[in-house]
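Per-chain residue numbering starts at 1, and chain names A, B and C are given in the order in which the chains are listed.
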Amino acid sequence: MYTEKGLLDKLKSFATFSFIPLFAFVTVLLIPFLVGFLLTFTDWNGIAAISSLDYNWVGLKNYSVAFADKDFWTALLLTFKYVILVVVFTNIIAFAIALLVTSKLSGRNFFRSIFFVPNLIGGVVLGFIWVFIFSRFVEYIGDITNLAAFQHSWLVDPDKAFIALVIVSVWQLSGYMMLIYIAGLVGIPNDIIEASSIDGASPWQRLRHIVMPLMIPAFTISLFLTLRNSFMAFDVNLALTGGGPFRSTELVTLHIYNEAFRFQNYGDGQAKAVILFVIVATIAIIQVLATNRLERT
Amino acid sequence: MKKLVVGFLFLLLALTVIGCSGGTADTTPAPAVSDTASPAATTQETTAAQSGEKVQVTILGTLKPEIAAQVEAAIATYNAAQDKYEVVSIPLDTNPVEKMTTLYASGNAPTIMGMGQEFAQFQQNLLDLTDAEFSKHALPGTQDPVTVNGRVYGMPLTVEAFGLLYNKSVLDAAVGGGFDPNSMQTRSDLQALMDQINALDGKTALHLSPMDWSLGAHVTNLLFAPQSAERDERLQFMEDLKAGNVALMDNEVFTGWADTFDLLKEYNVNAASPLSADYDQGALALGSGEVGLWFMGNWAFPQLSEIGPDTEFGILPYPIGDDPTTYGNTQISIGVPFYMVIDASQSTPEEQQGAIDFLNWLVTDATGQDYYINQFKFIPVFDTFTTRPTDSMSQQILNYLENGRSLEWMNSLYPPDGWPTMGVSMQKYLTNTIDRAGLAEEFTDYWQGVDK
Amino acid sequence: MKIKLNFKFLLAVIFAIVYIFPFSLVLINSFKERVEIIANPLKLPAEFSLTNYITAYERMDYASAFFNSLIITVTAVIVLIIFPSMLAYYLVRFNYRRNQIIFIILIASMIIPFQALMIPFVSIYGKLDMLNSRLYLVYFYLGFGVALSTFMYHGFIKSIPMALDESATIEGANKFQIYRHIILPMLKPITATIVILNSLWIWNDFLLPSLALFQKSRTLPLSTFSFFGRFTTDFGLAMAGLVLSMLPIIILYLALQRQIISGISEGAVK
C-alpha cells in the first residue's frame, strides 16, 4: 500500500487515476438513483417533469403500501428460492466446465465457444426458443417415452415452470461465469501446479489445496455476479413464463416492473425497488467482504 | 507499449467519428421542445418555419407493429403531398406505457401517440381535439371513453371486434352446406354446432386461447357488457361491484356467461392442458381448419388468411343464455382498441397543428382513406368514408355495427391492473384450479379492492 | 489415461449439445417461413432459402445499425478498460480509508434495479439535452459499467504482489508508470474476460439505447425489435436478424481466445 504525505500528491494521484471514472459513476448512476429515492417520498406520477415540483410530499406512504402488499413478499420469497438454486448450480457447473476446458482436451477452444453461445441469445427470442422446448419439445419427448413428467408443457404447471426458469437461467449464466473461472485458472502459474504434481499430489488434492485457494478472487467475482444477476433476473422471467401460470413464477423485478409500468403505480413500484436494493445490497456486501477476508488469510 | 498507443489512437479516432456525426446526424433539434424551451431552440424553430422548412411532427410507433411497412408508406405519401409538415415515426420498441413515460420524463414527448387505458393518466398533458375536423365525423359513441367534461381528447383509430371466429369451410361441412351465421342465437345452438363439428373426421370444435389478455380483457367483457342494454345500468353494475353490493353467484348474466365458458372449456381442443396453447397455434388451428371456432378478434384476420388464403372467415357472438332475445346473445363486442392523442405540454403549436393535419388527412383525404381501408385493413369509424372494407370479416363486423348489434368494450373502463388480475383468475378457472364460486370470489375481491 | 481423456471428451460433447441445442433451433428456424415455424419449430426447413436473411438485412437497415453498434461498443469497451483498471489500481494500492468506502459504494451500486433510476435518469439527461447522441451514450456506459469492471480488476490487482511495485519504485518509476508497465500487462487474462463481458452487454443492450437513442442511429438490438408485433411475431425474420446481429460477437470471441491463451504462456514465463 502506498501512503502519500503532501496534499498535492494526494490530489494528483486521485485526479490521475480516479476522477473521470468516479465522476461518470456519480453523475450517471448515483445522482439519478438518489433522485429516484427522494421521489419515493412523494406522490409523483412518473410523468410530470421532476423539476416542476408539481407533486406533494407524502412521507412513508409508498413504503407502507409496498410493505402491506402480500404479492410483493410472495415474489420476494420466490426470488430467494430462485437465487439460491441458480447461484449454487451455476457456480458448480461453471467451475466444472472451466476445469474441463482448461485441461488437456482436444478441441477445447471449440468447446469454450460453444459454452459461451447462450449469452448471445437475449430477450424475447431466448424466451421464444425455450418456450418451444418446454412446451412442444417436452410433449414430443412425452409422446415417445410415455413418461408422466413429459406429458404436458412444463410452463403450465407452477412448480415445473419454476424449474424451467431455473434451468434456463443456469444454462445462460454458467457460460458467463465459466469465462471468469477460465481467467482465474489460466492466471495460476504452471510451475505451482507442476511442483505439486512432482510432490505426488493427486488431482483432487491438487484441486482442493492448490487450485481452489488461488481461485478465491474468481470465486468472489463469480459469486457476486451470480447473486446479482439472479436477484435482478428480468428478461428470462418475462420472456419465458411472463410470471405465469397465475403469477406463480413472478420474480421480484418483474413484480416491480409490472407495478410501475403495467399497473401504473409508479410510487409503489419505486419504493419496492428501493426495498429490494437495500436487501440485496446488504447480502452482496456481506458476501464480498467475507470472501475478501478469505483472500487475506 | 505500441499496442497501447494504437489503442489510444483508435479511441481518439472513434471519439472524433462519433463526435462529428453527433454534430450532424444527432443534433436535429429535439422533436418536442418542452414548455420551458430555451430561447435558442425557439428561435431555431421559428426561423425554420419562416424559411419554409417543414415542421417536424413525431408519431410514436406505427399505429400497429403488424402494419409498420404500410404505415411508413402512408406517412411518406403524406409528407410528399404537402410542404408544411414532416411526419417522422419514433420507433416504439418497448411496452408503450413505459416508452411514453420515459419520453415524457425526458422532455421528448412525441406529438402523436396511440393510447388505451393509460389515457386517464396522461390526460392532463393532451390536446383538446373537440374542434378538429375528424372529431366532427367520428361515429356516435366512439368518443365516449376520451371525453372529459364534454371535451374530446382523442381520435378513435378504428374499431375491432372479438367473439367466436369461425372457419366457414369447416362449419359448412359440419352443418351440411351453407352455414348461416344468423342461425346461431343461443348457447344450445352453439353446443349443437360444436357437436356437429366434432362429428366430422379429424376436426375439433374449438380452440380456446389461454393468454391473460384474451381471457382477462375479452372474455370477461362478456360478463360486464351484457348486464344491461342501458349504458348507465352497466356502469352502475361496475360501481356496485366495487362497493361490494353484487353477489356474482346470484347474477343471471354471470351464471349464463360461466355456463358458456364451461361449454367452451369442454369442447376445447386443448382441454387436457388448456394453458399450453399460444396465439400462433390458435391462428394455425383455425386457419388450417383443424378446428371450427376460435375465441379471438378480427386483428387475427391477417394471420388467418396467411394460413388459409382461400378460406372465408367470420365471427359469431358469445352467447350467454338460451333465449334469443336476451341482450348479449346475438351481439358481438365492438370497440375502439386505442385512440390517437396529441401532446399539448411539450409540443409547439405548429407541431400540434401538423399532427391534426396528418390525422385529418388519414380519415378525410381520398389517398389517406385508401391507405386506411386497403392497406391498414381498418374498419372505418368516420362518416366521411365512402369506400368499404373488402374482406368478409370486416364487412360482417360493419354490419353488426350498423344494425346496432354491438356490445360495448367495458374492458376499457377496467383499472390498469384489471385485466391482468382477472386474467389470472380466468386461467385458474380454466385449469379447474378454482371452481365457479372461487372465480366469483376472486372477481369480487378484486373489484372491492379498486380505489374510489 | 487414454480412457480418462475420452471420458472427459465425451462429457464435453454432452455439455456442448445441451448448450448448443437452443441455438441450433434459432439457426434452423431462421431459414423457414413464419407459418412453417409455427407448425413445427423442430423440423428442418423444407428448403434453405436466404429470403429471411435478405429481408431482415434490409428491414433492419443492417449496415447502418451495425456501424452504430460497432462504434458504440468498441469505444465504450475501450473506455471501460482504461478507467476501471486505473480506478481499481488506485483503490487497491492507495491506502485511504475512503477507498474502502468508495469500493463498497461501487459494489452496492451494481445491485440497483435499473427501473429504480430509469425515469430520473431520462428526466435529468433529457433536460440537459444529452439524449439522442452516441457520444453521450458511451459516457452513460462508462457510468453504468465502471462499477463492475472496477470490481473485477480490483480482485485481480490485489493478487499481484506488492514486491513488484516496490522494486519498480526503487528503479525510479512513478505511480502511473507502475500502473502502465507493471500492473496493466499482468491483467491480460481478466482484461480479455472483461472485454468479452462488456462487449456482450453493450452489443446486446436494449434498454439504454432505447432510452438514449430514441430517434436516429439505431443499434442492432433495437432494429431487431421491429420484427416483433403486438400479438404475433415474424419469427423467421427475427431469428435471421438475431443470427446476423450475433455473428460479429462470435467472431470477436474467437479472436480474443488467442489473447486468453497468450495470457497463459506469459503467466508461465513470469
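Some points to look at:
One rule holds in what follows: a contact is a pair of C-beta atoms (placed from the backbone, for glycine too) under 8 Å apart; a residue touches a chain by one contact, two chains touch by 3 or more.
What you see is a predicted model, and the numbers here were worked out from it, not measured in a lab.
Interface comparison, B-C versus A-C: the higher count of C-beta contacts falls to A-C.
Distance from the centre of subunit C peaks at B, each centre being the average of the chain's Cα atoms.
Centre-to-centre spacing of subunit B and subunit C amounts to 37 Å, using the average Cα coordinate of each chain.
If you average the Cα atoms of subunit A and of subunit C, the two centres end up 15 Å apart.
In subunit A, 46, 49-50, 261, 266 are the positions where the chain touches two or more neighbouring chains simultaneously. In subunit C, the positions touching at least two other chains are 119-120, 123, 127, 206, 228. Shown for subunit B are the residues that touch two or more other chains, namely 34, 101, 105, 107. Subunit B meets subunit A in the complex at residues 34, 95, 97-98, 101, 104-105, 107, 118, 121-122, 125, 212, 272-276, 278, 415-417, 420, 424, 427-428, 431, 433.
On the side of subunit A, the complex with subunit C involves touching residues 1-4, 13-14, 16-18, 20-22, 24-25, 27-33, 35-37, 39, 46, 49-51, 97, 100-101, 103-109, 111-126, 128-130, 132-133, 136-137, 140, 171, 175-176, 179-180, 182-183, 186-191, 217-218, 220-221, 224-225, 228, 231-232, 253, 256-257, 260-261, 266, 269-270, 273-274, 276-277, 280-281, 284-285, 288, 295. Subunit B contributes residues 4, 7, 10-11, 14-15, 17-19, 21-22, 25-28, 30-31, 34, 58, 64-66, 68, 88, 90-91, 93-94, 99, 101-103, 105-108, 279-281, 283-284, 299-300, 303, 306-307 to its touches with subunit C in the complex. Here subunit C touches subunit B in the complex through residues 34-35, 38-39, 71-72, 74-75, 78-79, 82, 118-120, 122-123, 125-127, 129, 131-135, 138, 180, 184, 206-207, 210-211, 214-218, 222, 225-226, 228-232, going by the rule given at the top. Residues of subunit C that touch subunit A in their complex: 5, 8-9, 11-12, 15-16, 18-23, 25-26, 40-42, 83-84, 86-87, 89-91, 93-95, 102, 104-117, 119-121, 123-124, 127, 139-140, 142-144, 146-148, 150-152, 155-156, 158-159, 162, 175-176, 179, 189-190, 192-193, 196-197, 200, 204, 206, 221, 228, 233, 235, 238-239, 242, 246, 249-250, 253-254, 257, 260-261, 263-264, 267-268, 270.
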